[in-house]
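What follows is subunit A paired twice: with subunit B in the first complex and subunit C in the second.
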Partner chain A sequence: MVGKKTLGIMIMSAPFGSQYADHMCRVADRAIDMGYAVEVFLYGDAVHTQMNEQAPKLFFNVGEALKKLIDRGAIVNSCEICSVARGYIKGEKDGKKDYSSTKLIEGVRFTTIYGFVDMLARADKVISFGGS
Partner chain B sequence: MLIMRTPSSDEDSERLFGIARSEIGHDLSIFLLGDGVLCARKGQSGHAGSAAKAALNRKAVVRASARDLRARGVGEEELEPGVESVEDLEGAFVEEAMERAERVFAW
Partner chain C sequence: MPRLVLEIAHAPFGHENAYAGLFIAMGWVSVGNEGVVVLRGDGVYAGKKGQQDPFKEINLPPTEKQVRDVLETGGRVVADRRSLQSRGIGEDMLIEGVEVLGEEIRRLIIEQGERVLAL
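Take a look at the complex of A and B:
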């Protein structure tokens, strides 16, 4: 949408070990409620957020929340090197990537860290969640 | 500033509040989310523990997530006077960050 402000979000922590992913999803959800575009970049251990079929018994369901964000129009980019390292996708150095995977929430996109730089250029504001 | 860390568990909090102190002369809004709400409890010692009070003394607006205060058993009577307990902390933060703030820190 022309003129729609964009909130960019980088997250660097895995779900459940801390609440950063919970906070990220809730902030992004409210931003969409308020009419903003949202772009999320999953980096490092935060790529675990993209795993499908998360089923916590007691905790906030980050997987469901991320799927809801995608369904509501958020762009969710994931670091492909981080995702290959953690077994979510297979990648090859020659650029032929195999992203077929049964482990992913549908709609997650893959990019390099340069995708994060692109997001910085597009976003009106960028915030980060987690990391050490 | 969006703060999601406890006030005294690591040096990062101290660095963060150092940034807050450096904002003298600028309007400052602090949003406490998750474990960050513990920063709002009164009677804490040390720089980080007294950060909410110090920020309020500098005319900062300090808001804490009511949901996360309840989750941690922190009653409003335990908060530093002046801290606002807000039900929709995320919405308040997004509005401030997107429409009013020149810079946004999240920690």
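Take a look at the complex of A and C:
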């Protein structure tokens, strides 16, 4: 990613209850088209975006969009504390913080608030979604 | 030094955002970065002193402690004057060190907002 500008994205809203997650995925996808390296931080209820096998009948499939972003090189970090609180990684942590789980979309990483602070500091641009 | 503006528009206790936002702000300033927390709308309740959770209903630290921690670590916390007035919150009801700004708050967001998060 040397030479690329980085877009940092924080999202706080869960998918389907609002369209923030849809919008975030579409903005991130376009940013990759435009040559940005994209890093996403899922915070609070937005960690539900990392749930595998989302199957909305009518709505935009946020899970599939997130998989596509990861396949395209986006880094998707998820709040560790928020994910434990919502049952995504409880009891599945090993000493190396490898949280294997069938609940999770492959490629999602976990980080603390300090990992997010590092991401904020190195980003050239930052956008937040769904906080208000 | 990287700069961050973090706007909080939700009140503490009934909603996670004020707590979550101040958690980020603390992490940000604790590693030497420059940060301003803007309390706007219902977010101004996070700047009130005398917060308590006597029944431990949510068992989170009061945002009063978080605000004090951010201030003591070198961050700024500003409250929007209009939001305070419309909610009947006087400046004397705020945590010591919280600044009150009017229209200047918009300028601060633009000038200081290299990175802006809204919660």
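Some notes on this structure:
Everything below uses one rule, namely that the second predicted complex is superposed on the first by the 123 of 132 C-alpha atoms of A that agree within 3 Å, B and C clash if a C-alpha of one lies under 4 Å from a C-alpha of the other, contacts with A are read in each partner's own complex, and residues count from 1 in each chain.
In this section, contacts are C-beta pairs under 8 Å (C-beta built on N, C-alpha and C of every residue); 3 or more make two chains touch, one makes a residue touch a chain.
Keep in mind the model is a prediction, meaning the values are calculated, not measured.
The superposition on subunit A brings subunit B alongside subunit C with room for both.
Of the two partner chains placed by the overlay, only subunit B lies in contact with A:V27; subunit C stays clear of it. When both complexes are overlaid on chain A, the residue A:L104 reaches neither subunit B nor subunit C.
Touch criterion not met for A:V62: it reaches neither subunit B nor subunit C. Contacts of A:Y36 after superposition on the shared chain: subunit B is touched, whereas subunit C is not. The partner of subunit A that touches more of its residues, comparing subunit B with subunit C, is B.
In the superposition on chain A, contact is made by A:S128 with both subunit B and subunit C. Seen from the C-alpha centre of subunit A, the directions to the centres of subunit B and subunit C diverge by 60°, a value given as a multiple of 10 for the model superposed on chain A.
Of the two partner chains placed around the shared chain by superposition, subunit C is the only one that A:V117 touches, whereas subunit B remains out of contact.
Looking at the shared chain after the overlay, A:V76 reaches neither subunit B nor subunit C. When the two structures are aligned on the shared chain, A:K5 is found in touch with subunit B, with no touch to subunit C. By the touch criterion defined above, A:G44 reaches subunit C but does not reach subunit B.
Superposed on chain A, the gap between subunit B and subunit C at their nearest CA atoms measures out to 5 angstrom in whole units. In the superposition on chain A, the residues of subunit A touched by subunit B in one structure and by subunit C in the other are 126, 128. Residues 8, 10, 12, 43-44, 113-114, 116-117, 120-121, 123, 126, 128, 131-132 of subunit A are the ones that touch subunit C when the two sit in their complex. In the complex of the two chains, the subunit A residues touching subunit B come out as 5, 7, 19-20, 22-23, 26-27, 29-31, 33-34, 36, 124-129.
Here subunit B touches subunit A in the complex through residues 2, 4, 33-35, 88, 90-91, 93-95, 97-98, 101, 104, 106, going by the rule given at the top. Within the complex formed with subunit A, the subunit C residues making contact are 2, 4, 7, 9-10, 16-17, 20-21, 23-24, 27-28, 31, 33, 115-119.
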